[in-house]
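A, B, C and D label the chains in the order they appear, each numbered from 1.
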Amino acid sequence: MGRTHTNGYKRVGDFFPDLQFRPVLQAVCTRSPDKVKAFANQWGYASTETDWKEMIKRNDIDAIDICTPNDTHAEIAIAAAQAGKMILCEKPLARTLQEALQMSEAVDKAGVKNTVWYNYRRMPAVTLAKQIVDSGKLGRIFHYRANFLQDWTINANLPQGGEALWRLDVDAAGSGVTGDLLAHCIDTAIWLNGPIKDVSAVTETFIKERVHQLTGKVQKVGIDDACIFHCHFTNGSLGLFESTRYARGHKALYTFEINGEHASVRWDLHDLNRLEFFDHADESIVRGWRTIHVTDGDHPFMNKWWVPGLSIGYEHSFVHQVADFLKSLETGEPCSPTFKDALETQKVCQAVIESANSKSWKNIDIY
Amino acid sequence: MGRTHTNGYKRVGDFFPDLQFRPVLQAVCTRSPDKVKAFANQWGYASTETDWKEMIKRNDIDAIDICTPNDTHAEIAIAAAQAGKMILCEKPLARTLQEALQMSEAVDKAGVKNTVWYNYRRMPAVTLAKQIVDSGKLGRIFHYRANFLQDWTINANLPQGGEALWRLDVDAAGSGVTGDLLAHCIDTAIWLNGPIKDVSAVTETFIKERVHQLTGKVQKVGIDDACIFHCHFTNGSLGLFESTRYARGHKALYTFEINGEHASVRWDLHDLNRLEFFDHADESIVRGWRTIHVTDGDHPFMNKWWVPGLSIGYEHSFVHQVADFLKSLETGEPCSPTFKDALETQKVCQAVIESANSKSWKNIDIY
Amino acid sequence: MGRTHTNGYKRVGDFFPDLQFRPVLQAVCTRSPDKVKAFANQWGYASTETDWKEMIKRNDIDAIDICTPNDTHAEIAIAAAQAGKMILCEKPLARTLQEALQMSEAVDKAGVKNTVWYNYRRMPAVTLAKQIVDSGKLGRIFHYRANFLQDWTINANLPQGGEALWRLDVDAAGSGVTGDLLAHCIDTAIWLNGPIKDVSAVTETFIKERVHQLTGKVQKVGIDDACIFHCHFTNGSLGLFESTRYARGHKALYTFEINGEHASVRWDLHDLNRLEFFDHADESIVRGWRTIHVTDGDHPFMNKWWVPGLSIGYEHSFVHQVADFLKSLETGEPCSPTFKDALETQKVCQAVIESANSKSWKNIDIY
Amino acid sequence: MGRTHTNGYKRVGDFFPDLQFRPVLQAVCTRSPDKVKAFANQWGYASTETDWKEMIKRNDIDAIDICTPNDTHAEIAIAAAQAGKMILCEKPLARTLQEALQMSEAVDKAGVKNTVWYNYRRMPAVTLAKQIVDSGKLGRIFHYRANFLQDWTINANLPQGGEALWRLDVDAAGSGVTGDLLAHCIDTAIWLNGPIKDVSAVTETFIKERVHQLTGKVQKVGIDDACIFHCHFTNGSLGLFESTRYARGHKALYTFEINGEHASVRWDLHDLNRLEFFDHADESIVRGWRTIHVTDGDHPFMNKWWVPGLSIGYEHSFVHQVADFLKSLETGEPCSPTFKDALETQKVCQAVIESANSKSWKNIDIY
């Protein structure tokens, strides 16, 4: 993720020239001295560190971007907040709700700018979906459904843990697909459709044991390979969420669909420049799902890029978040989602895991 | 449904000329004397009845096709079985598991041929999916998901009950989308992926009251407008099912997808001649979902119809079921799904409704 | 084609009960005594003939349906017209413009009802396209493009000629893809977009020699395997047409698209229940191609079939043409396309072949 | 185009760290002093010029990137070549074949590195298509078809000429869609399918007069609004090309499809990360078009970007071309397409325009 964030910082000035602030790549930190030098050289960082605590001590650094494994988010974020740094934290905010609460308190107490990299909010097609929902075109909402399907861990010989595969190690990741993939779906869902009230979930670990990359030993797999839940939103609609890394044929199929009384929208990350929209108000004989190629100048963010019909890609959502973060420094407004916003997603993740473990419904308001 | 079944009987001889038996449209029954005459005249039935009990008494009738509202299935089927008639019953088999058990016992006891019109099993693309699954191409199954989404009851002014809208009346229908739509999904799922072990469901009734067509009074709506459940199959895979009549933009979106270790398949009723298939064994750089236009001579049932590329429609699945039923008279084999097969779907429906009501998981083996 | 036509006659009464006339399957004719008996038995024809001249002599026969190879259309149609029979002739009307002119004169002189089986006009989605164009929604038309792509003759070992493969024999067929496939595209185009003014074409025969099925000898292939032409319509729009039997992966990909000043429509036979429509009048940020599932009660012909979302197939277009033909007997109006209408398509086919041969533009009005 | 090229230079080091050379943004030139300062400031150019001749005189500049209107390409390129500069020229190479020939001679004589920005060759899905074709998987090629459809000039009130709309002014552009859009299609076609032998074309100018942006007068429109041609390739396949700016609903629909004896491929710029592939060698019952999401590490260029399933966009093709140009400095190999390669496209464009004007076939080898 260091590459996507850095790319965001480097491109923002080229495409958003009217912003008052421009990021400076002052320092990069990673534990390996060799790797940090190589990375700094490749991407143009002015200096390097191998201990994040040194980064936080430096006076020439105003903002800390956390893109380490999940088990370090809380410690770094809390220390950075105490040092008065702005914080941009990779999602999920933390491994557990408990950690997330402490982080949110820390930034509140310190009064520092903060945001969490739920980048999909700033895919132009997703932002357009938000505009459509907020316009009231959909009317009363009946259904929200989302899934995030992958297939990269089907191979039973894949080890868990270590630098490349920490997402399979429950100690480093906190959870499996719930925190990694469903967290994205939940963040978007709350943003588009409001708070979730209660959840009923099931999780599954298909491959029960894997060799650990670091220890070399066969160890029990602690993460959830798949997670499904249904829920009620506070607006009365029904929600349905599914995530897995065992859906053969899907590389990163993040889709959502909202069905309202008058209209519906849906989106698919695999074709991220398209939004599908159905409007019952269309004349009946020519009514149908429309596929909107979200590349026009009046589409969100797209006046910064190319001419209609020419696509942008995954990493552009990070450029947009950097732009909005910089803009928030001008306006003094928060840059959504803040740690506080991300706490809501964390609560749902917590409830989902507990619901699956207890085989019962969980209310969100108990958290 | 009388039209689709009758069409099935009338076309089967034209397109399946090698069958030993051909159906004869000996009599049709409906309560209204005017309507039954008109229907018989239009479709070419030799005689009419207005009391189904008279039908069952007649010696010139060998088979009874039940396509009445759900609340009459049990009584008619049991009487027909006792009279030694073959029975072809519209789905769902019954309103409740209790009724279905009695019906299944009755046909067993009488030893009469029987089948239930879960017609989607004989859509060529669905039958092809069954062939692919049975071939072992998918390997170990991880996920099964299906939904059946409609949008025709969103209007709050739609009444419930009466001849046209009995599906909205819980007394006539037994349940809402669970028996009407999810039953199709469950039948296909069990057929393709084996028995379901346990379920956790939620149902919702979005419009709480509607005028009753017959009484003219505003009455509480007793059916489920939407139903979602997740489940375990006995083969260890996770299932996810959703059905609703409040998904704006979807007329009859019945889809299913199966993800296996090596390959996946999916289908969508809106494009019923297509099956999508992903095979991980394909060379990696040219690997992708294939869209199979299931219209070739070596595809199931398609050597009976037109040349490759030319589509068939919804009603052809009923022609195929008639053909298979007639074939079963030759071979003595059962014509799937039998009442006994349909009982398994009924158990899952019962568990789903009870799970939703009790907000808890339900095991299927308690039924 | 005998099966599709017969099916049309047999189904029409079931689904179009309000028509005053119903077809009677009085007699069927084919040269082989065995085959004609088998066909009559399977489909329910009352009698058989093995010489078409005998059919025409019979007083109990009012209408002749010609679905023989193209080289016999003219002789049969002219004789039938002279005998005062109504004629329903398979497309293309004839092998050559000369034959077609004689046929058209014969039916005019005899004053007999006639129609040509350009069945695609009565696919509901295509008929809907016609409604949309006629409504003026598209505004000034700029472009019309159509293609009909197949891949079934790529195999060099396929013989030409004989009963099954007469379409590959230039003597029986008159031309290759031009008369077989492009004729469909041209008929629809003229119907939707008006007359064609001039054409510039190229044809190709990829496999130069094939064994003849009947003689067993290797003979030169006389048909066009592929044909491409561009043209001007009299309304000022540009046309582009392509047909081939060498497009690997396409079974029967008949598509057309019309681009107007304000809106566009397109269709694909492989997904025949769908029409795609783009309306520039839509609000700009939610503008996109709509995919219309043409299965609603207010779509052409669809109130005769099933509920919204449930598809019909290829053969239904023939049922619709039979219905319209029977209706024309009530009203006295012609049943389009008549022989006279089909003559316009024949002129374009003639011009296309001559243009390709002479490597020059050909005006249609010289014919 | 200055933005896409500059972005290419700025991104290449981040994502292609192993290259020996890195571009330096030494100077940018545009006629307006204000604009050139603003652009330099935004994108980080070290210095500015307002006269391109000054650029060419500078010793601190090794390469000239030409992204001016077409009427200046020849003069600049020839001068740059004479000054010994490397040249990267925007497409089309020139307004006319005559200009292009002079440019090609100039770079040959000077022996300077050169390339033309036919960027679509380096879209990963297009590069993958090239790999597939070159692998021989398609067998003998029968058909090549491509189109480039837009709809942005339908409005009759759009002026021609000036800075923003020079593409509508024949003096600045040389031609309309032929040089602007079809040139892309032709470049890709020759690259994938070899040389074109002869062409037969038609062009159309739908809006005959427009106000000129600079003069304010209504003037005749000299460009082609639409251009269609068919052709023979030297490998015996038939080609079909169409381009227009009057296809309502299409923003930048560049598609191509190649049909071979054994397999076919097709691509669509609107969904640029996907390649469709049909392989007749697949088992017949599961054979179908595959949609390949070209985002895996073993797909061309994609190991430089993100994980499987995550898309890149339009501008990445320019980054790839910069990378390949820099690589060519290491290896001494040419960076395709060179001026010489682009000359072949220019010949076809010339033949197309002349064929349309003379209403006759034109051989390419006469040029």
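Keep this in mind: a residue touches a chain if its C-beta (ideal position, glycine included) is under 8 Å from a C-beta of that chain, and two chains touch if they have at least 3 such contacts.
Since the structure is predicted, the reported quantities are computational estimates derived from the model, not experimental observations.
**Student:** With contacts counted as defined, which of the two, B-D or B-C, has more C-beta pairs across the interface?
**Tutor:** Result of the comparison of B-D and B-C: B-C.
**Student:** Once you find the CA centre of chain B and the CA centre of chain C, what distance in Å lies between them?
**Tutor:** Between these chains, centre-to-centre, one finds 36 Å.
**Student:** Starting from the mean Cα coordinates of chain C and chain D, work out the distance between those two points in Å.
**Tutor:** 40
**Student:** How many angstrom between the C-alpha centroids of chain D and chain B?
**Tutor:** That gives a centre separation of 54 Å.
**Student:** So which stretches of chain D touch two or more other chains?
**Tutor:** Expected reply: 250, 289, 293, 296.
**Student:** If you connect every pair of chains that touch, what shape comes out? Choose line, ring, star, complete or other.
**Tutor:** Basically all the chains touch each other, so complete.
**Student:** Using the touch rule from the top, collect the residues of chain B that touch chain C in their complex.
**Tutor:** Residue list for chain B touching chain C: 3-4, 6-7, 10-11, 13-14, 17, 41-44, 150, 152, 250-253, 269-274, 293, 295-296, 305-316.
**Student:** Name, in rising order, each residue of chain C that touches chain D in their complex.
**Tutor:** Chain C residues touching chain D: 138, 142-143, 145, 149, 151, 154, 200, 202, 204, 206, 226, 228-230, 232, 236, 238, 240, 242, 244, 246-250, 259-264, 278, 280, 289, 359-361.
**Student:** So in the complex, which bits of chain A are touching chain C?
**Tutor:** Residues in contact with chain C: 128, 131-132, 276-277, 279, 282, 284-293, 296, 298-299.
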